[in-house]
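We call the chains A, B, C, D and E, going by the order they appear; numbering starts again at 1 in every chain.
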Amino acid sequence: MLFQNVQFTLDRGEILQVVGHNGCGKTTLLRSLAGLSNYASGQILWDGKPPRENLELFRRDVLFHGHLAAVKLLLTPVENLRWFASTYCAATDQDIVNALHAVGLFGYEDIPASKLSAGQLRRVALARLVLSNATLWILDEPFTAIDVHGIDTLQQLLQDHLNKGGAVLLTSHQQVDIAQIKSLNLEHYR
Amino acid sequence: MLFQNVQFTLDRGEILQVVGHNGCGKTTLLRSLAGLSNYASGQILWDGKPPRENLELFRRDVLFHGHLAAVKLLLTPVENLRWFASTYCAATDQDIVNALHAVGLFGYEDIPASKLSAGQLRRVALARLVLSNATLWILDEPFTAIDVHGIDTLQQLLQDHLNKGGAVLLTSHQQVDIAQIKSLNLEHYR
Amino acid sequence: MWTWFHKLGSPKWFYDISGKLLNFMAPVAALLLIVGAIWGLLYAPADFRQGNSYRIIYIHVPVSVLSLSGYYIMAIAGAIHLIWKMKLAEIAMRSAARMGAGLTFLALVTGSIWGKPTWGTWWVWDARITSELVLLFLYLGIIALYEAYDNKVSASRACAVLALVGTVNIPIIYKSVDWWYSLHQPATIKLTQKSSIDPSMFYPLLIMIVGFYFFYGVALMLNMRTEVLINERKTRWVQDIVERA
Amino acid sequence: MNASQNLSLLKGLSATLKRELTLLWRRKSDSLNPLLFLVVVCSLFPLGVSPEPKVLAMLAPGIIWVVALLACLLSTESMFRSDFDDGALELFLLNPQSLYFHSLVKVLAHWLLTGVPLALLSPIIALLLNLPVAGIPVLIMSLLIGTASLVFIGAIGSALTVGLRRGGVLLSLIVLPLYVPVLIFGADAVKRAAEGAAVPGQLAILLAFFMLSFALAPLAVAGALRISVDS
Amino acid sequence: MNASQNLSLLKGLSATLKRELTLLWRRKSDSLNPLLFLVVVCSLFPLGVSPEPKVLAMLAPGIIWVVALLACLLSTESMFRSDFDDGALELFLLNPQSLYFHSLVKVLAHWLLTGVPLALLSPIIALLLNLPVAGIPVLIMSLLIGTASLVFIGAIGSALTVGLRRGGVLLSLIVLPLYVPVLIFGADAVKRAAEGAAVPGQLAILLAFFMLSFALAPLAVAGALRISVDS
């Protein structure tokens, strides 16, 4: 039993940072919410209804960004995002290039991802946030391997998303510089 | 060509943080120094001599901690460190348990590493620093996935190592709280 | 001694010297091949049992012989590349691998074409044929390994290691296949005795073999020169050449 | 509304197809290698068993089919591996469109670049192993249909084992028993055809196997992937 | 000084051995699987080729050897894979002790938990395929010695391809041609023994192969691992 009685609501325009020491169950919680793990007991409501009632809608509205970057090393960043762009949303190649520029990958659009550094790979994954039109972003340690400048960009991205009426649920061991951020300490729910 | 004319000396008791934006070549530099990649041109001197003149001594004196944790998921933390303890140094099982406690893994000594969280896995890798008697530590983003409390522990570990006459070369996108830290910005050597 | 060796490693020096060598080798190769081919195909007598179909030996035999020597050329180049990190040796190794695979394939194809009228079947598991097939696999393994690596520096070093492992193995493979065949020799098929070949058939064959060696050298150098030019395209001396052309 | 959804599903599926084909093509050696595997392993048999042409001709249908089966098995092993390791599988599973169709297309792409070339190359091995020429058209046909079933069935095993970080041998245990019927009818078709008989029955049965696995395997694959990701 | 160094090398080597054996043992299914592979694939041949006992008896030595060879190949594939993926390989390469000996021990551990059980299990398959009882002792002996060469040679291929994240089929192309001599002498020894002849010569040659690969393969493995990590 990692945690119990955790309960929270997230509204549009809200951002919640799940914190807690290593191994307190943040990743487990986020994966359960996204629908990747089966939680032992509990209830998730999306728009007041359990997700499985309209799974497609739920999936379209929620974007999960996990520990792993989900970037294919054999494809270029543009090729990588193309699949995402035609299943999760409906973005054009131009949108993809713009998204890559937005996360600071100017000039890396068409080289194989195997030649990117750790941080550049994570940035390709973050470009999905720019493309996506999901309402809720679930981000597991999005700042990993990102440099100082990149962190600013990402925070700006989060802020914009909130302003547009989106919601964010994230974990991070770093301080997040966003005014309205709330935090949930999992250590209190053992 | 990632960087050129980079030149630095590291003495006992010194700590150098290599910084620079994502993809500027920090990992490449560290891996070359450790002897994992072949650098295109340049010279590395250890104790005034090229490492290959006494490779064994160099290897004994230098500890590399990379992006990957090098922790076997099928082994317990203690079993994981045992191999390290009998090839890199000469540590006993008791030393290993103490090292695990030092990095905050009390109670996790004997459960399979596959059940550890991202941060706990990195901590097992950091326990090697405690065990090792190498002079130079080469650490590539050692703070990844570590929680706030763990970062303090690690910084204390670094400080102790320096006080004992060790040297540290590390990369991190985070601020490191150590008084005598110097930094080398790779972006200036393009 | 070492200065000479390092000079050999310099692409520019290689380009100059190979240019001079080619001026001499290319005509010799052409001459030998033309003479050998005309003699062998038009003037040598027909075989009393196989008629004219035997004339394919003028291709088959030189190609078969070269395919094996080619492996050793490749492996030696690989060893030099591993030990002295010489860029040229790496290029030589890769060119030799490609040409070797081609030659081996050609040996198999010409052999099969010959086999159809001689044995009535495209393929038999004769010792030499089997060894040649294994040799083809060894070549293909090296090429596939090279292609599989993204990082081409590591790729050529890995290929060099594999080529060296192959060098130790090839004599063993040849010996064991020979031994295997002498045990299992099927009663239905026999290769003709070596000694039975008539001098009037043999001389053109010899010329063809020597000619093919020269041809191999020429092709290898041409291959290497192209690679050198591509690799060094940003240097002064290559741009000078381009401007002159 | 519904039409536009279908349109976007089609777009998504073609994106999956394109992506998979690109990936397989980039790893050309991976999709070419089953072919080489077929040739290399088939040529081990004369060395191990006997070089006698008559013996080989008798064994050829069985050997070619068994080895083709192993080649399919080995190439399906890595079908989801890299997706699992780099997290792409999570993204795949969470995508808002139909997982059934996406899995179907993914497996299909795999077959296009392994099974089809395998079938087309098989005449060469037929020559090596002295299979009578009369058997060759049926060999190609049976492999073409048969490998499709093999790849679809193999995909289930691959999806079940991808989370286990184990070698391919566990997979072979799960999958090989399911391969048995395909092997029996495929090898039998070729054997009979080599003897000059007509074999519409065997080929029809192979086709039936294929249609069954085509329709059902993606369901199992989708379920298995969900389980693997949660482990 | 030197003596204490030797002592610590011995300690290091025994740590490597213990670690590898533990890991293989934890993944029991992985070290058991070559056995199951042998049994399952060998039993495909009666289905694909012919169930006739006489035919099977004739084919048995060749088939068992070819399949044992494939089983070794498949199990060596993953020899360095997980070490590469989790970074343990970097630690292994940077260790201050002799890489040659550590590689040697690592491969040896692998043979102990795959080759040896394979050899010991082979009588079961001999029974399945109707191999005359006279051939069984030699079958065990030849597999015992032969698989050691196979594992050592396979380790070279595995080390060369570990960085490539490819399926096992590239490996088979690289390694199988190198296996040819072992196959020839191994299968021949069994065949003759089954016919009642004595085969000290073949076994001696297999032993010689083993000693050669035992001495040289670790060198190539060490070099190949360095290359793979740098790619």
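Just so it is clear, contacts are C-beta pairs under 8 Å (C-beta built on N, C-alpha and C of every residue); 3 or more make two chains touch, one makes a residue touch a chain.
Keep in mind that what you see is a predicted model, and the values were worked out from it rather than measured.
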{"item": "Lowest number of touching-chain links that must be crossed from subunit C to subunit E", "value": "1"}
{"item": "Touching both subunit B and subunit D (chains)", "value": "A, E"}
{"item": "Leader among chain pairs (count of C-beta contacts)", "value": "D-E"}
{"item": "Most remote chain, CA-based centroid, reference being subunit B", "value": "C"}
{"item": "Centre-of-Cα separation between subunit D and subunit C, whole angstrom", "value": "36"}
{"item": "Mean-CA-position distance for subunit E and subunit A (Å)", "value": "45"}
{"item": "Distance between chain centroids, defined by C-alpha means - subunit A, subunit C (Å)", "value": "56"}
{"item": "Touching two or more other chains - residue numbers and ranges from subunit D", "value": "27, 29, 33, 36, 40, 47, 50, 82, 85, 165"}
{"item": "Multi-chain contact residues (two or more partners), subunit A", "value": "67, 73"}
{"item": "Residue list for subunit C, restricted to those that touch at least two other chains", "value": "137, 140, 144, 148, 150, 153, 177, 180"}
{"item": "Subunit E residues within the subunit C interface of the complex", "value": "156, 160-161, 163-164, 166, 170, 173-174, 176-178, 180-181, 184-185, 188, 209, 212, 216, 220, 223-224, 227-228, 230-231"}
{"item": "Contacting residues of subunit D [partner subunit C, same complex]", "value": "27-29, 32-33, 36, 39-40, 43, 46-47, 50-53, 56, 127-128, 130"}
{"item": "In the complex, subunit B residues that touch subunit E", "value": "34-38, 56-57, 59-60, 62, 64, 66-75, 79, 82-88, 90"}
{"item": "Residues on subunit C engaged by subunit D in the complex (per definition of touch)", "value": "121-125, 130, 133, 137, 140, 144, 147-148, 177, 180-181, 184, 186, 188"}
{"item": "Contact set on subunit B toward subunit A in their complex", "value": "20-27, 67, 104, 108, 116-120, 122-123, 141, 144-151, 173-174"}
